[in-house]
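Residue numbering begins at 1 within each chain, and the chains themselves are lettered A, B, C and D in the order written.
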Amino acid sequence: MSRAAAIAAPKGSGREGSDWPKHLIILAVLCIELLPFYMMLQISVKDNHAFLTNPWVPLPPGEWQLQNLVSGLKLIGPYIANTVFVAVCATAGSLGLALLGAYFFARYDMPFNRLLWAIFLVLMLMPGVANIVPLFSLLKSVGLLNSLNALILLGIAGGQVFQVFLLRNFIEDIPKDLFEAAEIDGASHFQQLRNIVIPMSGPIIGTLAILAFLGAWNDFMMPLIVLRDKELFTLGVGLIYLDGEYVKKWGEIMAAYLVASIPLILIFLFTMKLFIRGLSAGAIKG
Amino acid sequence: MFLSRNHSQSRRRARLWWIVCAWACAGSLVSAHGSGPTSAREAWELASQLRVEEAHRWFAAAVETGQESAREVRFGKAATLLTLQPKTEANLREAERLLAEIAAFRPADDLAVEAALLHARIPHYHCLVPDRAEALRRYEAVREQFAGNPLAELAAPRIALLRIFGPGPDEAKRAVLEELEGWAEGLTDPVARREFERVLGEGWLTVFRDDVRALPHFVKMCELGVVRRPARLDLFLRTAEMARASGQQEVARDFYARFLEGSARDNRARLVRDRLAEAGVSVPAAGEGER
Amino acid sequence: MKVRVTREGVFNTIGVGLLVLCFVVALARVMFRAQRESDPGLVTLRFAHWQLEGGVRDAMDVLSREYEQLRAAEGVRVRVEQMAVPERVYPNWVITQLVGGTEPDLIQLGMGTSDERIARYFEPLTRLVDEPNAFNRGTPLEGRRWRETFIDGLESPLSYNPALLEYYGIPLSLHTIRIFYNVPLYRKIAGETPTPTDYNQFLQLCRRVREYGEANRRALVPVAGSKYNAPYLMGALYGSQTQRLMLESDRAHQLRTDDSIRGLAYLDGRWDFDHPAVRSGLALMREVAREMQPGFLQVAREDATVQFVQGRSLMIATGSWDASSFRVQADFEIGVFELPLPTREHPVYGQFVLGPVSEAGTGTGLTFGLTRNSANREEAIRFLQYLGSLPASRRFAEVSGWLPAVVGVDLPPQVRPFQPLTDGYPPGFNIATPATLEAMRAYDRHFYLLLQGADASAFVEAMKRDYPGAVLQDLWASDRGRLRAVQRNDTTAAALSQIGRASRDAEHERKQAELTESQFGLELGIEQARWRLEQLGHPPARP
Amino acid sequence: MARIRVSPRKALHEWKLYLFIVPSLAMIVVFSYYPALSAMFHSFFDWTGGDNKQFIGAANFRRLLSDGVLWQSFVTIGILVVANIFKMVPSIALAVLVHRVKSDKWQYWYRVFLVIPMIVPGLVTLFIWKFFFDPTSGLLNAVLDVTGFKSVLIAFDRDLLGWGVFQEGVPIPWLGDPRLIIPSLILWGFPWIGAVGVLIYLAGLQSIGTEVYEAADIDGANALQKFWYVEFPLIMTQVRINLILLVIGTLQGFGLQLLLLGNSGGPGGAGMVPGLWMFNKAFLVGEFGYACAIGILLFVFILGLTFINNKYVRVDK
């Protein structure tokens, strides 16, 4: 069955009645949901005075303080490269490993399979505050402090459980005959992964990738602990530092936030469909 | 790209993992053994700077190899075992054993006394559940066995601590305090004497709120001298206040004055000047700092 | 359908392409940086602090650049890097850097630097501060021991650590609490009336502010409050009422109390929440709370600042450290006056007052310690000496508008009002910190009750319920702290005596004597507190 | 598809398959299990988080029993969990509404708009909500005043609660009064739409064939019945998964409380939750050993809930 087709499928013609009340409700809800985005946009071009006298209504375009965006870029720009580096590596790494793991769980019922699966699942239940200290000493003993590699490794490890969990369900649903046919052709496990699993689970991989990317993008706890040098800061830390200022220039802060989201906006703009489709597809399983 | 690695690459990846793990283990070992002390002197220096782990490692190794002066090294091992983290019963027992052994050395020397004192402190402050009776017994043993060694006199203030602030009815405490007061003259070491006086003074003050009986002990302490400046100021002030409360204006005035000499940056100075003024002495405000 | 899929494909490709491009750029940057990091001829010094107030970073930058030039003139290439870490994350940041071995060369002491960490990770400066500071050459301070060139003689606990008996920190500044006011607005409201010097005048001023606000239809609040700022004013007012009570509950005749003495005094019944002085202090707090905006308890520090610099309140109570931030943000002249406490003559509140509060004991701050692992120890010491010298202090005060910690600096006019008042009496104890953490939390938890209802009784009832348990917890915690120190000192003392057996010098003698003295003091403290707890029927230590 | 069962003997031959799981496993063992087990180990110590530690057996756990704040925090988190469960409803409703919109184009755009808030940094949302709750200049109080809903609240308070927190002419201190803390936390995030959740539900709904709706129409089912008998069963699996994740997340979480109310959980400590208490004990008081014990209690609690959930809230596919 084609999931793309499922989304695009026409709705039942049997549903009668006018749609506008639905639209109204949906639009009202969406407006509230989009409020933070709106605030970020409109405050980013205000100075403190304009913001404090009138926080809610945007300024007319003539009064926009565009230098806010420039200083926002200056404040936060240097961190973007680091964040991209960490987020891309962590995403690729964690998905790669998760695919292997999920393939193992989904395709074969090897001895100890259940035990291993339990090992994965129990992790979801553990609260992690006190773990930070041992984790930190671990990173210290392997000499990974004050380096972006630590963040990448943590990103990879942190994503495993959730990704393996979702991918497994997905791979289990791939028709068995595809694999059997491949095996008869003498395909190795890696070839099966490449030729069957990846093409068949493109949307969910895309979705997981975007979620992992978002997670790495917004993470601030570990970077805060691990990174010392300003040149290594990722966006999460940068924003926390910005938020800790006592002299608040709201316009500049919001502009910095906006700058921090621009790469995400771009990615979303271009992969929106993939993302939505992936979420839609992956979700059917559970 | 990433997902289409072939089998051999995966094997390489697995090997890489082992390398990473091995490197991690080696890394922690290296960092543990990277720079250590090379002599007992250096190990003691480390111990005095609270770098107990490194110091202990050296002492423990030196005990094994039997190098350097054996008793000192054993003492080092025991002393560092007391603060080695995590603190375990086994460590304390081991320290206790070593210290008892060092303390038993005859003819008794300073090291033996120190070991005996430390031996007494284990049940007093180091065990998870303190055993005050045992600590008292050990301190008293130190006092008896090493009578004549000024170092051993440091057991006296500890005995006073344990007996005054131990369990028992107030009247028994009075007897204890009075009995202990008889010991004071016998102490020759000024530090032991000073601390002994301090415990007695605080004893009268805490248990009986008796300024009159506490005062002489505080005066004696002032005579013997306190090293740290803020503590010295506090002591002068407390002595003066106690003298004031027990009606000895002369003494009070003297100690108030001594307090004021060093109190340019103390917010109690004006209060003290008021006290002096009450007693008919006027002291001009001192130059306020250096501004 | 087909067209759509293709377009989506193109879009995805562009998206992924952009990402790859970004990644390549990022990778290039990361690689490039790794290369640049390893410049052998350049000494990089890093120092960290949490002073994000306006002006301070500029001052530190000026000092860093001047030092770099100074050293460049001597032919040494030094790069000094400032790391300003937000207060909220600073303690954790410091701990992780220290434990992780990635610490900068100089670290501001005071948050996240417990005695144990200081002992372990910081270099004692005792020998250093006993010598004159070379950077004071050619100034009136030339030839004086470095530690004697500081206002407090380096006796503040951040500089001289009383538990470790060594000097660890060099301070740059000190601070006092003041009321800041909007000068033009003040003139409009009060004309030429001088600023209030006592509590009554202050209340009158607040009333006039309200009247002015109503007359001009302006939403004007007399004092900008927040959960950060309000306690400075309220605590001081409460403290004025407990001045005499403090002396009464001081069993040790020290004319001052510390956390555990206050806690024990409470359990002892030497003071309680029904004591007239405490009630009077609470009434004062309630009274002054009315001069702040409603709901100030949920207002953050920077929001109160904004309220003040926007002219929506006449006054704000805070430390002199905020002066620089205000100056950056406000477009009006800012005036300063001392906290308006009730005098002894006050008909209602005067009876509990001892007199004006002395700020003589004000400790120094912005204190930097040198880390043991510093890769450039010599250079870091030199920079520290530079920071703590008279010329650098002068520069620091000029640029930052903060009080300098070194004596003999001609103060710029805007800094003068912050000089500590030295003629006065000890402050009473503050209600929030009769002991330590748990008591403070109980207070925090119930504080809102103080602002409600007809009087303080709801607050008092709640405190009576939770306070004893909290104090007990705190006393146990401080018992544990002392016990740990005693245990630690046993090893140190053994080590010192062994070192002394081999060779002794004056410094060694000093340390050994001080250690013995402080060790006995700690033991006595433990025994006394435990004994008194037992007498009162409480477990002497956490079971 | 049924997984291929591999006998131990064959597994010996197929040992290479284990290499597939090794990297993942190594990652979680090193970076997740080791720290977690280390924390468990330390729950038997009096540990300051640094080098100072002393073995004290089960003393930390005994202390848990008499820790009033902790038990109160479990009550609080219980309320929040229940509230959060109800807060799932709007997402489901929105998904159904979007699904029932006839135009595909609109449906697509609604999804796009749902995704946009995900890219806004969390700090912005926090900032805006703080702004909402501000007693004097906040939007929430302004809305209540303008709509007259405040008088309803006042009457409600006067006649039913007797709290006296809602009064005429006095701004409502949303985060300044302990009795309003939990309501504020519940109100937080209104209208409680989780974008990912909505998209997932929507996906579930997509699989409903036209014929099902036609059949329902023939039976004369109204909108609610359609939801109940046609739509809801189809997304039940997703709802259940979301429910589990949500319950776990709520129980472990404390970020919101920390950022909004501070370390002590706000006035009266009303917002104190177990995670925050653990954070307090670990990073503020320095009692890491005790914090680890709290963590273990929380873990056992979550494990129990998950177990119950698996046993009783089971839905057949």
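Basically, contacts are C-beta pairs under 8 Å (C-beta built on N, C-alpha and C of every residue); 3 or more make two chains touch, one makes a residue touch a chain.
All values reported here derive from a predicted model rather than from experimental measurement.
Peer 1: Give the identifier of the chain nearest to the protein's overall CA centre, each chain being represented by its own CA mean.
Peer 2: C
Peer 1: When the contacting C-beta pairs are counted for A-D and for A-C, which pair yields the higher total?
Peer 2: Most contacts of the two pairs: A-D.
Peer 1: Centre to centre, by mean C-alpha position, how many angstrom separate subunit A and subunit D?
Peer 2: Centre separation, subunit A to subunit D: 18 Å.
Peer 1: Subunit A to subunit C: how many Å between their CA centres?
Peer 2: Once rounded, the distance between the two centres reads 39 Å.
Peer 1: Take the average of all CA coordinates in subunit A, do the same for subunit B, and state the distance between these two points in whole angstrom.
Peer 2: Taking the mean C-alpha position of each chain, the two centres sit 55 Å apart.
Peer 1: Measuring centre to centre with CA averages, how many angstrom lie between subunit B and subunit C?
Peer 2: So the centroids are 29 Å from each other.
Peer 1: Residues of subunit B that touch two or more other chains: which are they?
Peer 2: Each of 10, 87 in subunit B touches at least two other chains.
Peer 1: Identify all positions of subunit C at which a residue touches two or more other chains, and write them in rising order.
Peer 2: 92, 99, 116, 120
Peer 1: At least two other chains touched by the same residue of subunit A: list those residues.
Peer 2: Residues 8, 240, 243, 272 of subunit A each touch two or more of the other chains.
Peer 1: List the residues on subunit D that touch subunit A in their complex, please.
Peer 2: 1-6, 8, 11, 14, 16-18, 20-21, 23-25, 27-28, 30-36, 38-39, 42, 49, 90, 94, 97-98, 100-104, 106, 108, 110-125, 128, 131, 139, 190-191, 193, 195-196, 199-204, 206-207, 210-214, 216-217, 237-238, 240-241, 248, 251-252, 254, 275, 278-279, 282, 288, 291-292, 294-295, 298-299, 302-303, 306
Peer 1: Can you list the subunit B residues touching subunit C in their complex?
Peer 2: 40-41, 44-45, 47-52, 55, 72, 75-76, 79-80, 82-83, 87, 110, 114, 118, 121, 125-126, 157-158, 161-162, 164-165, 167, 191, 195, 198-199, 202, 205-207, 209, 211, 226-231, 234, 237-238, 241-242, 245, 264-272, 285, 288-291
Peer 1: Would you tell me which residues of subunit A are touching subunit D in their complex?
Peer 2: Subunit A residues touching subunit D: 6-16, 19, 22-23, 25-26, 29-30, 32-37, 39-40, 55-56, 97-98, 100-101, 103-111, 116, 119-120, 122-135, 138, 153-154, 156-158, 160-161, 164, 172-176, 189, 211, 214, 218, 235, 239-240, 243, 254, 257, 260-261, 264-265, 268, 272, 275-276, 279-286.
Peer 1: For the complex, give me every residue of subunit C touching subunit B.
Peer 2: 116, 119-120, 151-153, 155, 162, 165, 251-256, 354-355, 357-361, 407-408, 419, 422-427, 483, 486-488, 490-492, 494-499, 501-502, 510, 513-514, 516-518, 520-521, 523-524, 527-528, 530-532, 534
Peer 1: Under the definition above, what is the set of subunit B residues touching subunit D in their complex?
Peer 2: Touch list, subunit B to subunit D: 10-11, 13-14, 17, 21, 53, 85-89, 128.
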